[in-house]
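Here come two complexes built around subunit A, the first alongside subunit B, the second alongside subunit C.
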Partner chain A sequence: MANIAAKRIKREFKEVMKSEEVAGGSIKLELINDSWTELQGEIAGPPDTPYEGGTFLLEIKVPETYPFNPPKIRFMTKIWHPNVSSVTGAICLDILKDQWAAALTLRTVLLSIQALLSAAEPNDPQDAVVAKQYREDIRLFNLTASHWTNVYAGGPTVIWEFNQKVQVLIEMGIDEDQARVALSTFEWEIERATEHLFS
Partner chain B sequence: MAETSEARASASAPGGDAGGEDDKHDERMLECNICLDTARDAVVSMCGHLFCWPCLHQWLETRPSRQVCPVCKAAISRDKVIPLYGRGNTKQEDPRNKVPPRPAGQRTEPENTSGFPGFGFGEGFHMSFGIGAFPFGVFTSTFNFGDPRPSAAPRGTAQYDEEQFLSKIFLWVAILFVLWLIFA
Partner chain C sequence: MNCDQFYSVFRHPYSITNLASVQNNTSNKMSAESDMEYSDNDGDDYDYYGEQDDCDMEAVDRTKSDPEYFLYTCLRVEEVEKLLNESIELLSNSLQITPSLAKVTLHAYEWNAQEIINKYKENANEVLVYSRVKSRSPVLQASTSRSSCAVCANTPPMHKYSALACGHYFCNDCWAMHFEVQIMQGVSNTITCMAQDCELRAPEDFVLSHVTKPNLRERYQQFMFKDHVKSHPELRFCPGPNCQWIFRAWTREGARRVECQGCELLTCFSCGAPHHAPTDCPTIRRWLTKCADDSETANYISAHTKDCPKCQICIEKNGGCNHMQCGACRHDFCWVCLGDWKSHGSEYYECSRYKEDPNMSSDSQHAQAREALKKYLHYYERWENHARSLKLEEQTLASLKSRINQKVMAGEGTWIDWQYLWDSAKLLKRCRYTLQYTYPFAYYMDNGPRKELFEYQQAQLEAEIENLSWKVERAETTDRGDLENQMDIAEKRRTTLLKDFLEFHTTTASSSKV
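Showing the complex of A and B:
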């Protein structure tokens, strides 16, 4: 790895550890390997959102050309959000692409992703299905996002109705994650979800 | 919730990291916004942001089509940054003139087109005389203005082989024609 990248990540790491966000528990950063190329981030779901109370893990890969090119970041924790793929965790955020600037740091990027959770951009979606639900039925979107936060990110809001529906599909022999995606996609209607899964 | 996250944050503090040194706040003022180290060959943008010239140069090279300040995204360019000369710096040399060695220009030798000069008057005029079959003209003269003769194709290429093949065919046709003239 290029010297400047490793050196900068080391400095950033130290700064993140001293930052008030880490002290307040809102973001966290951990090293994955000794060459400073892979890290794991963690952000707390922002208050007054369906993600509140959840903790979301992020995979961070630092390219050799960092900080001239952005780090590659994706959600490892499954999340229901218009700008994050519900399947791969890929994030659609301009500063991770063409709007990257060399003065941005892992700390500011993690805070930006956290801000994205409070302010979705449904008109520039990563996951078209989620974005459509966000635009057309925000109430159902919030419930679904809360349910995903509860199941995958340790959020406190349990939605029994959704748990039961997922259980019904599991008993039909369907994989849990697949069942949840199908139900979330088809407005939690069991008939349409099964029709889709068995077609 | 707050308690558990604090516990987690402290648990994840770097273990064997060399975190002993105390950062002096005065020095942090003079850190490059790209490498986060003390700026060397410092330059400052019109928007007031400090960089090492090598760092800023690499940033400008990385995206030549979108030259913006890495901090505030204001328009920025090589000519619009100001080099900073501190007192300790004896050689007051413009940092923009050194460090990132500019890529050297590439030049190739011009192609050598004139093998046989012929009756050329300067570039692009050629004249040749020949003897043609009687009814078609005793002397055939050709004048070419304008186009210089195309250079021969380099050896080994498909075009070179083709040209060699064609010239052999024409040679045989000429020999047959001469024989026909003699014996007919």
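Showing the complex of A and C:
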């Protein structure tokens, strides 16, 4: 079993390395250990989305039963997206669950995750809070997602207003990440965010 | 297959007055009769019975006298296997397809063989595509040379490749591994092709031709069977722990009582929850979820013991009857409302009714929330209380059996002489069961004359049940005639309530016939 898994991963690794996406810098794959069971993926935020310009790291764990079971993948870079948990980075994507097929490869999976960043599925959310904002206030959602991309993924768009608000909460003694989650959750209203944090 | 015919199949020699004694063997009789009639039959030809006029009359009688009457059978695994195999054989013979293909098709069409045959005649391709054994898009042509298996990257010789009807070839080792992983995860009927976006299902013969380990093959077939029963609209597993029996019935609408022959569990055939008449399936689901969410609070608030309202001694309830008599001061009171038992009277029993506080200030949100909680607790406490009573009466039933045995051994009459005691305890259980399930029904009812009528009938039923419980607990010293009279009254109250409030939303056989 593990034999097939290792063999497959080796071949897929080569496939990704040779692919035009790697050449174009849109995806990357790195080995973490020699046993081929852990890898690190990297995808570029797709153009014309709030993630543009950001680089997102993914943790990839290959199970013993690969490729008959899907790889376990989560975002290591924090991201504000309806189908990704803003806390754990868990991804809600059908091909990583019941729609997995043994013939799928790490390359296709990485490309699918990238596609998910361009086209969110707010009706099948991983993070209910983000999905609600996506549905009800897309403008604020885009700003928040850009802000997160800037702070965590090295994106170019700086939103001064949000930075200042986070700073206000940090000065109250709140952890930066916690402050950002609270503000993003409560539509960047300092009062409600603090009320939530101190209750 | 149509329900009208089934309703008339069954003969009903019982009248309401001796219903209690008959109840024990009802399900046995039913299945005995039905065994004869259904399993030796191809499952389609029941008209013969429907034409017997006298049977028809009795069927009408039975549905009138027992509002919960529902025709079903309890089947063993082998009988169900036989039943399923008959459908499979019928389909594979009439369409000239393999049994394994017939299984996939039947599973996709919820075991409606006739529908498949009709549709197959119209458009065979569509049936196969719908069943996911054939792809909609044109089949890939098997190329003469394959460089390597897309899954394992190995390069086995050409003859070690296989594919489903979609033409996605993979090596046999990978298929075997794929099936092993899927079977270990409990998947059977719905194992799909390994290709991306291909939803074709692997039929049984294809799976078994690749899986060689005997325990895995066995597991696969067990899962297949479970899956078949679950996908069959006429079948339902008894939810009892380790229970092997399977119910068969012909409609899945409304609260439908089925009693397992093996573990005697009462189940609703429509939704698989414990039987819940008069409450309907969606309502009981809401109620049970609500209870699961709130019961911790409710448990906390409602204590398990109460103080005697007269002498304040702490009393633990050890029997099912809610008519309490304090061991210390002999005061008779009601466990539910703690009022004097005498004031309950025989005419109008008030304590099952929830009285909304008329002085409630409607503007205060807090007061409203408190009132809502109070209302919920009122119904929940009664629901819980009757559930506890049922458990305690279960113990009474067990000890009754040994007491009767002792009497018979000591020569004080025969089993038949004491049968009425047994029957009364069984009847009490059935009545209290229904009473328990009237509380979620009442909780979700809108205020109005219908609710008033319901609560009136519920109160009447409750009063008679407590009377019966009191008499059953002291049955050996009270008059037999008195007890039997009480049994009759309680059962009549129960059926009256069910008749007025048990609703089936579709026009079923019973209503169309009557």
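Some notes on this structure:
Going forward, the second predicted complex is superposed on the first by the 198 of 199 C-alpha atoms of A that agree within 3 Å, B and C clash if a C-alpha of one lies under 4 Å from a C-alpha of the other, contacts with A are read in each partner's own complex, and residues count from 1 in each chain.
Assume a contact is a pair of C-beta atoms (placed from the backbone, for glycine too) under 8 Å apart; a residue touches a chain by one contact, two chains touch by 3 or more.
All values derive from a computational prediction rather than experimental measurement.
Superposition of the two structures on subunit A shows subunit C clashing with subunit B. Look at A:8: by the touch rule set out above, it reaches both subunit B and subunit C. When both complexes are overlaid on chain A, the residue A:172 reaches neither subunit B nor subunit C. Comparing subunit C and subunit B on the residues of subunit A they touch gives the larger count to B.
By the touch criterion stated above, A:108 is placed in contact with subunit C alone, subunit B being left untouched.
Once the two complexes are laid over each other on the shared chain, residue contacts for A:23 go to subunit B alone; subunit C is not touched. Once chain A of one complex is fitted onto chain A of the other, the partner contacts of A:69 extend to both subunit B and subunit C. By the document's definition of touching, neither partner reaches A:158: not subunit B, not subunit C.
Legend: residue contacts after superposition of the two complexes on their common chain; A:44 is shown touching subunit B, with no touch to subunit C.
Counting contacts by the rule stated earlier, residues 4, 7-8, 11, 65, 67-69, 101-104 of subunit A appear in both its interface with subunit B and its interface with subunit C. For subunit A in complex with subunit C, the touching residues are 1, 4, 7-8, 11, 65, 67-69, 101-104, 108. Remark: subunit B residues 1-2, 4-6, 8-9, 12-14, 17, 19, 33-37, 49, 55, 58-59, 62, 66, 68-71, 73 touch subunit A in the complex. Listing the residues of subunit C that touch subunit A in their complex gives 150-154, 168, 170, 174, 177-178, 180-182, 192-198.
Taken in their complex, subunit A has these residues touching subunit B: 4, 7-8, 10-14, 17, 22-26, 28-31, 42, 44, 53, 55, 65, 67-69, 98-99, 101-104.
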